[in-house]
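In the two complexes that follow, chain A is the common piece, with chain B as its partner first and chain C second.
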Partner chain A sequence: MAEKKYQKVAYYPGCALEGSGHAYNKSTKAVGKALGLELEEVDNWNCCGAMEVKNIDPKIQTYLSSRVMSIAANEMKHDVVMAPCNGCYHNLKKAEYDLAHDEGSRQVVDRLSSKAGHETYQAGQIETIHALDWIKDGIGEEELAKRVKNSLKGLKIANYYGCMYTRPRHIFPEKDQGPGSESTSKPHYMDDLLAAAGAENVDFALKTACCGGAHTLSDADTSTKLVANILRAAEEAGAEVIATECPTCHTGLEMHQVRAETNFGIKTNVKVMYFTQLLGVALGLSPKKVGVHENASDGRAALKARQIA
Partner chain B sequence: MRSIEAIESWIEDWSLREGAADGAAAPMAFLLAGEEILEHWLLAHGQQPTADKKEGFRLLALHRQAAKGDPAFNACRETCREACYRYNLAQTDLPREEWQANLATLRRVVQHLAYFIGGKMRNAQLGEFCCSSRPIRNEAAEAAMEGEGTQ
Partner chain C sequence: MPIHEKNLIRPENLSTHDNLVIDGVDVSGDWSTFIKTRVVADYNENLQEEIGSLPGAEYIHRCWQCGSCTNSCTVNAIEPDFNPRHWIYLIRMGFESELVRDKDLIWKCVSCNKCTYACPRDVVPEGVMKATAHWLELKGYLDRTPSTEFDEEFANQVIRTGKIEDGRVMMGFFKRTGQPLMQPWLIAFVKKMFAGLPLGWMMKMGFATVIHPRTKGWGPAHAAIAEYAKEQEEKHIAAVRGSHPEAAFHTAD
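Then we have the complex of A and B:
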């Protein structure tokens, strides 16, 4: 049997997981522990540049992301860095692409790395993966199914991947590589993992549709309408829970679910939970242990109704 | 030509009963609404919307035209393709309940396109929308950045 990948990886939680995405951080670590997958947090990590820095100067964002990869690769000697946040994952992948293809980016990163006093990150030194890759390739559906203690049987889930996990396609060269690989147009890794845990995935048409996350502050009404549409589409598809794998999407869905009701009179009942929370519960961890009670959209009753927890 | 807001309202107010009364026409009506939304975007950018089709759909040809030179526009590529897929599915002999569920999904997909493009147009002065975001700076600011931030 081939050796499993990703048994010990560098962990880059990113800013959101220390704030609004706290429950994602908690549940990711808890699931890793339950599955025997080791995480070593990147020392003295910094912001990846998010959307804010990228909009002002994309090369500064490339540098910021490269510093995280440099520490993980050069100082901690890791081959793989795992970022559960779509924004961080996207930015590290983008930095990797830019450094492999753009001399201007290489020069800026080299200059700033020297000034900051750390080794310059070179394209190809480390592999950036998402939490979905980590569990899918580190454990796999077959092994995961064997370890399930509380099957999610009967729980109808709409899997929402958001936009940054797959776009733009050219920064994810490992995707769209045929059977088994992740798809950028119809991603399925979260579907696969939750199905292995017993859940019933619904046919959800808006799994990569924009939630308006970047415009939550500048045009809140557009974000609310986009989210309300996603929530209603999920409900119409029969979902009781929307599974997320990004703290920004998750917070946006929860926040605008409330706002859609108060500002537009659109009420939806679908619950929003991180996929790691659902997997944690399936692996026998208590909902509290994976922070389900910390979600604004408290899914404990939905789990109880299905006698899952 | 209806405004995007009018299209949003038409989709919002549309009910399955309306679809049931005129079932065969509803999928096409949604597809045409999608085309109308993209026409708005193209016209706002001084382009003549194409009458061509791609893979049998004008919606996809319009999306390709709109996405040229604008990577951020790729964000609605899957939405357009999903609308075409749902339209195709509506042409098949699905059981009535499934057919109606598919129509409801098509409605949501086109509504998303309306919200996304509508939002993108309203925010045109604030920079690109979302995942393939590009800098909001102008050339002068860019030159200044080159001289300061990245030196």
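Then we have the complex of A and C:
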């Protein structure tokens, strides 16, 4: 099933991984190294445009994302870009879709690229993948299980994927393609990888619920309510840890976990960790090496309690 | 109208009688609640065209009012008056004044795309929400929302330097919206974050906010994007205000 692809890919960390998502960057690189998957960072990359530039003008966001793919394809001769951030991943996929289907987007991207002085990205040059695809298809569960030195034995995990990894469906043509493929309604790649590392995934209904990340500061009360729902649902499902695969979701859960307590008196104890941190620990790396201590929601005690690290 | 949308009937349009007998039958209490007949005289026949000319709302004409967007909506679940289906109906019918009554809600869409996922007609309701919020601002019905302030702070940094630095975006946003940085919950959060952090990383973060990351050789891209953005903005203002000049330039109530 899992052929050995993605052994060497272009790596697009994006802005969040250089700031608040630092621990995700660190743990992604550490896991790649431990698994022998090679990453080559996109030269002189720029922001993908995120939600915010799309709101100002969607075609500017398309251009920004296309520039990253153009550098990877035309200057670095890669055909795969791996982005661990859901926002970056989503935007590169969306740009790919728009450039393949919309003449207006092609014109704007062509105009901006030539004025900016680089080659115009052409749809089809790059396959954008998420860090989940990278490990799932680059290594696979079987191989991963063989390399586990420090099983997550019985650690109860709620897998949280958020919005941008699966919606809207049309920009992810490879998903929902039957057995083996990722599902947009019930994603399972993270569940699969963590189960291979020994974790016990709980039945979690809010896998793709929204954390309100778009308005995390501009409509903070809404975000706090949405996050509190997610945290409580995870606890009710019996989870000790929520595994994340996006810096915006991760920081949103952490920030609003604190805010729910200080502003609304809603206290939850579930810890939030990047799936790459969990995999790193399972592969024998120290929690420090994958930045567990950098999380506001400090999962070290949860790991200790299970004698994992 | 589905029963869970009963909240769409405004209290001022309901009339209830304590004692009412019709044709000899006592219909007091709940049975005597009537919805008043209304006459809407102030259509804006160009409403769909105005909003549809803004990015994101291009496909609003496809809507067949199935209600899947509202049923799947994240914000609707915690705020029942947030109703994309209803707003799309008002826009398509030209009920401008009714739409404007919900001006303080529409911008709250969190762009989760549950609606876009559920919509059987590819309307992209998420885009329609963004375009409608934008339209409300362009028409002067709505002051700049915190969401617009955030988007602009963020987008300006990207367009100027090619990258953002999240701490700087947050500071800029708080400054624009006149909020104090020292909010109790934020202090509690930062304390937690720094509790586990090594000194070296704090220094690095500190430097990142001083050294401002930027993409090398970004100048020509900045110029190209800024020129395009300005053109688009002018186009949008013309589309919204030009198509119905007599109704244009409302000021916020």
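FYI, the second predicted complex is superposed on the first by the 306 of 309 C-alpha atoms of A that agree within 3 Å, B and C clash if a C-alpha of one lies under 4 Å from a C-alpha of the other, contacts with A are read in each partner's own complex, and residues count from 1 in each chain.
In the analysis below, a residue touches a chain if its C-beta (ideal position, glycine included) is under 8 Å from a C-beta of that chain, and two chains touch if they have at least 3 such contacts.
Quantities reported herein were computed from a predicted structural model and do not represent experimental measurements.
Engineer: Is the arrangement of chain B and chain C around the shared chain A a clash or a fit after superposition?
Structural biologist: clash
Engineer: For the overlaid complexes, name the partner, chain B or chain C, with more touching residues on chain A.
Structural biologist: Tallying touched residues of chain A, the top partner is C.
Engineer: Could you say whether A:Cys47 touches chain B, chain C, both of them, or neither, answering first, second, both or neither?
Structural biologist: After superposition on chain A, A:Cys47 lies in contact with chain C alone.
Engineer: In the overlaid three-chain picture, which partner chain does A:Met76 touch, first (chain B) or second (chain C), both, or neither?
Structural biologist: Neither: A:Met76 stays clear of chain B and chain C.
Engineer: Kindly classify A:Arg167 by the partners it touches after superposition: chain B alone (first), chain C alone (second), both, or neither?
Structural biologist: both
Engineer: Let me test your reading of the model: by the given contact rule, A:Ala237 touches which partner, first (chain B), second (chain C), both or neither?
Structural biologist: The first partner, chain B, only.
Engineer: Looking at the overlay, does A:Ala100 come into contact with chain B only (first), chain C only (second), both, or neither?
Structural biologist: In the superposition, A:Ala100 touches no partner, neither chain B nor chain C.
Engineer: Contacts for A:Leu206 in the overlay, against chain B (first) and chain C (second): which applies, first, second, both or neither?
Structural biologist: In the superposition, A:Leu206 touches chain B alone.
Engineer: Would you check which partner chain A:Ala145 touches, where first means chain B only, second means chain C only, and both and neither mean what they say?
Structural biologist: neither
Engineer: On chain A, what residues does chain B touch that chain C touches as well?
Structural biologist: The overlap between the chain B and chain C interfaces on chain A comprises residues 51, 55-60, 63, 108, 111-112, 163, 167-168, 209-210, 212-215, 218-219, 222-223, 225-226.
Engineer: Using the touch definition up top, name the residues of chain A that touch chain C in the complex.
Structural biologist: The contact residues of chain A facing chain C are 15-16, 18-20, 22, 44-47, 49-53, 55-60, 63-64, 67, 108, 111-112, 115-117, 163, 166-169, 184, 209-210, 212-215, 217-219, 222-223, 225-226, 254-255, 258-259, 261-263, 292-298, 300.
Engineer: Tell me, which parts of chain B touch chain A in their complex?
Structural biologist: Listed in rising order, the residues are 8, 71, 74-76, 78-79, 81-82, 86, 101, 104-105, 108-109, 111-112, 115-116, 118-119, 122-123, 126-127, 129-137, 145, 149-151.
Engineer: Which stretch or stretches of chain A touch chain B in the complex?
Structural biologist: Answer in residue numbers: 51, 54-60, 63, 90, 108, 111-112, 163-164, 167-168, 185, 203, 205-206, 208-210, 212-215, 218-219, 222-223, 225-226, 229-230, 232-233, 236-237.
Engineer: Please give the residue numbers of chain C that touch chain A in the complex, ascending.
Structural biologist: Interface residues on the chain C side: 55-56, 74-75, 78-79, 108-114, 116-117, 124, 130, 145-152, 154-155, 158-159, 162-167, 170, 173-174, 177, 184-185, 188-189, 192-193, 195-198, 201, 205, 208, 213, 215-218, 220-221, 223-225, 227-229, 232.
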